[in-house]
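One chain, chain A, links the two complexes that follow: it is found with chain B in the first and with chain C in the second.
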Partner chain A sequence: MGSLARAYGRPLASVIAGIAVAWVLVLILVPLGAMVEQSLWWRESKGDISLTIDRLYNDISLIELDREAETDPAKKAAFDQSLADKQAEIATLEAQETNPPKTYGLANFTRMSGLHFYIFVRTIFYALLVTALALVVCYPVAYVVALASGPRKAVILMVALIVPYAINELLRVYAWLMILDYRGVINGVLQWMGFIDLDAREWIPFLENPSAVFLAMIYTYVLFMVFPMVNTLETLDRNQIEAARDLGASTFRIHRRVIIPHAKPGIAVGCIMTFMLSAGSYSVPAIMTRGQGGDWFSQLVYRQFYESNNWNMGSAYAVSLLVVCTAFILLMMRLFGVGLRDIAK
Partner chain B sequence: MRGKDVRLDQVSIRFGDSTAVQPTDLAIHAGEFFSILGPSGCGKTTLLRTISGFIEPTAGRVLIGGEDMAGKGPNERPTALIFQNLALFPLMSVAENVAFGLEARGMRKAERLKRAQELLELVALSGYGDKKPADLSGGQRQRVAIARALAVEPAVLLLDEPLSALDLKLRQHMRSELRAIQKRVGITFIYITHDQGEALAMSDRVAVMSRGKLEQVADADTLYAEPATPFVATFVGEQNVLRGTVAGLADTVAMVDTPIGRIEGRVKGPIRLGEEALLMVRPERIGLGSGGTNTVAARLAARNLEGPSVHLHCAAAGQTLIVTVPNGPSVRDLPEELTLSFGIDDALVYPVGALAHG
Partner chain C sequence: MSTATESAGARLVLNIYIGLFVLYLFLPLAVMSAAAFNSFDYPSVTQWHGFTLKWFVALAHDQRLLQGLVNSVLVALGVIAVSIPAGLSGALILTRLGERSGTMLYSVLVSPVLTPGIILGISSLIFWREFGMPGGLFVAVMAQSSFIASYAMLLFLARLQRQDRTLEEAALDLGASHLLVFRRITLPFLAPTCFTAAVVAFLQSFENYNTTVFAIGGEWTLVTEIASRLRFGLSPVINVVGVIFVALTLVAAITYVVLKKKPKT
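Moving on to the complex of A and B:
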């Protein structure tokens, strides 16, 4: 703060510091804090509480009937007393029902069912697979783009990467839905070529297979893999490639020993982004599978929020996903020997 | 290691419409330290990349050790290239850098690292094998690049201005170092440079190149004393250039009418009586006093002390003549009016042609 004030003057320095604080608050602390807080408590709502209330109302009706028929004032007074008791009981129970008591604890995290845990693990595995496939697809593209120069590069970038990404993500996913659907483009072409007969329901059910999600997801997130790689590959001195070739190295060896080590930070950033995006992607699996290809964990989180209306459980799911993904990324960075500083470059 | 000869047979290189190298014949002997000297953009780097195999000539043949190199890539030729920026692999250790070519040839790890040690010893860098290139000084990196290139036992080592990034002192030191290494390993060195000092100091022979053409191929002394063209004459060393008309022509001696008077000089090209010609005299060949055949009366305009020598800027008939004389008491207090003189052998007469500096 002191050096900032010296460099920019007190007013500007306080503005900069204010923006930094606001950034941390708005982007990190508030949303994460809200989510974590939400995941750490639940409301103790006994499942039979409304049943008890219903039963009490029934009792009241019966007592009221009995009371109408009763002529003995002493017995009538006893009925009145019991009615008042029941009504008081209903009042407390209803108060509990509308505003159940908050309890803090880790139960939301430990309550995950076996099936949900299986989906969780499978989502992480699928996200890994998507990342690996995207890496395989993107590396050659990034290499060509990074080493192309002049107007050719602009054309490749424009046609191959920018134009598809100017289209909204949802539209692109729906486009893939149309391509892979039962009566979609591919099945249509297969019919036209005479391999299958759609009217006899002989289509290939692409969408019932997780690979449909993979395909759409790779397509959706490919850019996040390509751009970091292009950025690092562009900084590679081409003389190094030529030097390696001049020294007799094969193309494979040049990539393995010279180019990939240089591109490692970019590859790491691309993989992290793709992994995070695909592990947390909701729209792509939701649209592509339409419930036929098995859920991704993000869909479970969605359901906890909007169908079970259990925000606490949903938050716990979301936090679990975040923690596991983060841990996983740190592990990967460890394994590949890439530090945060390399990535920042 | 054995050097091989390199022969260019009518090699020409075009990029689209522009000609980078005009049809060129050149024979470089085995084991020779050969320099190609020229200003930037003259095509020397293109020529080097053609020899190394990164560029295929548009026409003509490249022969190394008598073998036609057509269709052979850089990795299939008995050459190794040292890049201008060295292109060391920054993420590998020095030893791995040196051993890379052997690794590519499938040599076992222990064996190739042992060989790398030997090469690092050759360039006086033993003990640096575990360091990263970034930890070394400029001159040390230079030597790593040499060791790395020598590791693949090339018959011809190609060097693309590898000293240009070093500071002056280090550059001068590396000149003798390079020469010593070349003597030790005995292979052919082809050295590209725009620095005439480097070329003249290190090379057995030098080719001067301009605009895609070889102007002259000769040893350093010949190049300096007997430049074949006006370009070579002005590119290598300093030169006083005078324009004039040929007034007399006898055998190898011509008389040229210049603004400073009629000068006699040696004929260095096809000139004809009555036509324009260029007369060149080196500053150190002009003496004070009237000892030579050609005498000029001049006025001393400026005197620049260079240390061992003094540059005198003399004005004569609207022309500036630069005279370099050894420093000493006799040049401390010079009179305003001077008489300059030089012999017939000191003045060279060329037909009009391109000069190195405009």
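Moving on to the complex of A and C:
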């Protein structure tokens, strides 16, 4: 803070610090805290509260009947007393019924049903698979763009990669929806070749298979793997490759000992982005399956918020996803020996 | 020109591989674009019923999509207004902080970039409900700004690393006030980055779906409207939106390449 005031003067420094603090608190930390807090409590709605209330009302009617029949004033007063007691009890119970008390605990996490937990694990597994496949597919691409082409070819290739990357992800998913739909491109071609008859509804239901989501997801997020790798590979001095070759290293050895070690930060960033995007993707599964195929975890989260209206459960699901993604980031950083500063380049 | 480290055969294989990859990237987009001009009611290229522009006319009369476009622009402008000052402040502080406290603050400020978008949407939704703000355009602005400000900050940080600090110090020594130095030296130095950051923020906000869909509540932007259309049935009107996006991106990319080449010749 002192150095800040020295650099920008006290008034300006306090404005800058104020904006930054507001950003950290209002946009990042407190909303995150609010979500975690929301996931840690629930309202206990006991089904038997209504029953107890009904029973109390019955009691009251009976006591009132007895009171009407009673002539002894002392006993009448006793009846009045018990009536007042019952009514007070009803009042507190009814308050609980309409506004059940908060209970804190981890139940939102442990209460996840078997099916939902299975979907959770499957989502993580598919996201890992998308990441691994994207890495394998993209490494040669990044290598050619960054190291194995002249300046002119590199520019053309970069544009060829940036254009699809810049197009909205929904539209990229939509393109695949058109291809795989019942009356989509593939089924259309199959009909044209005489294998199936669309009018007889003989189409192949690609969209009902989870791999449709998988295919579209690779297409949508594969480029997030390419660009970080290209960025790091471009900084590699080509003379190092030359030197390795002159010294008799095989192509495989050059990649393993020279190029891949240099690309490490890029690979880490690519993997983190691809995993994070696919594990948390709502767009791809929501559009591709349209309720016909298997669910993705993000769809369960969405439904907790906008259909079941159970924000506590939904927050717990979101926190679970966040924990897995954070763990993945930490793992990648340790595995590739890179820090946060390298990542954000 | 290029370092020929591979044999001719290996180069051929690599080139074919790249060609296939680019084809894989563009073919679905080409299919989507072509279907916008098919007069068949269902977006298709295999059942061609003749060339038409009627879906473009249909788009021009689609009130919800047009309102979505307006909403998207409003949200994007809001995001620029929030995230540029935030990103700039964050960067100015980080360049002056020591190694240790700097790393702490840095981790917090870049964390939204590494957080799944739906989490940002959800946490903003929950936070702003406490203040009586239900999901809508305002919450969408806040949710998007939380990570777009981080991108802006990274851009400012990169620029500030190349700053010659002696200039500011000299001005201060010569008796200029801090405010004057900031206005006459620091800000002009950062102005190009302000522009870049604003463009990046606009595009990021305009495209965003995963965060927005949670924060938007009952309102809609162009992108969330497209998504909800896609869930109910396909219409070539969406393909028209796609064609427009593809065309704008191509024009922007080509302009960029041409502009980048110019200074060399």
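The definition used in the following text is that the second predicted complex is superposed on the first by the 259 of 345 C-alpha atoms of A that agree within 3 Å, B and C clash if a C-alpha of one lies under 4 Å from a C-alpha of the other, contacts with A are read in each partner's own complex, and residues count from 1 in each chain.
Keep in mind that, in the parts below, contacts are C-beta pairs under 8 Å (C-beta built on N, C-alpha and C of every residue); 3 or more make two chains touch, one makes a residue touch a chain.
Everything numeric here is computed off the predicted structure, so don't read it as measured data.
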item: Superposition on chain A - do chain B and chain C clash or fit; value: fit
item: First (chain B), second (chain C), both or neither touched by A:196; value: neither
item: Which superposed partner A:242 touches (first chain B, second chain C, both, neither); value: both
item: First, second, both or neither for A:332, with chain B first and chain C second; value: neither
item: More chain A residues in contact - chain B or chain C; value: C
item: Which superposed partner A:78 touches (first chain B, second chain C, both, neither); value: neither
item: Partner chain in contact with A:204 - chain B first, chain C second, else both or neither; value: neither
item: Partner chain(s) touched by A:301 [first = chain B, second = chain C, both, neither]; value: second
item: Partner chain in contact with A:93 - chain B first, chain C second, else both or neither; value: neither
item: Chain B versus chain C as contact partner of A:128, first or second or both or neither; value: neither
item: Shortest span in Å between Cα atoms of chain B and of chain C, once chain A is used as the common reference; value: 6
item: Common ground on chain A, meaning residues reached by chain C in one complex and by chain B in the other; value: 242, 245
item: Touching residues (chain side chain B, partner chain A) in the complex; value: 52-54, 73-75, 79-81, 83-85, 87-89, 91-92, 100-101, 103-105, 148-149, 151-152
item: Complex interface listing, chain A residues touching chain B; value: 237, 239-240, 242-250, 253, 257-258, 261-262
item: Interface residues, chain C side, partner chain A - complex; value: 1-3, 5-6, 10-11, 14-15, 17-18, 21-22, 24-26, 28-29, 31-32, 35, 42-47, 82, 85-86, 89-90, 92-93, 96-98, 103, 105-119, 122-128, 130, 142, 145-146, 149, 154, 168, 177-179, 182, 203, 207, 209-210, 213-214, 223, 226-227, 230-231, 234, 238, 241-242, 245-246, 249-250, 252-254, 256-257, 260
item: Residues of chain A defined as touching chain C within the complex; value: 3-4, 7-12, 15-17, 19-20, 22-24, 26-32, 34-35, 38, 137, 140-141, 143-144, 147-151, 153, 155, 157, 159-164, 166-172, 174-179, 181, 183-185, 188-189, 191-192, 219, 223, 238, 241-242, 245, 251, 254, 272, 276-277, 279-283, 286-287, 290, 298, 301-302, 305, 311, 314-315, 318, 321-322, 325, 329, 340-341, 343-344
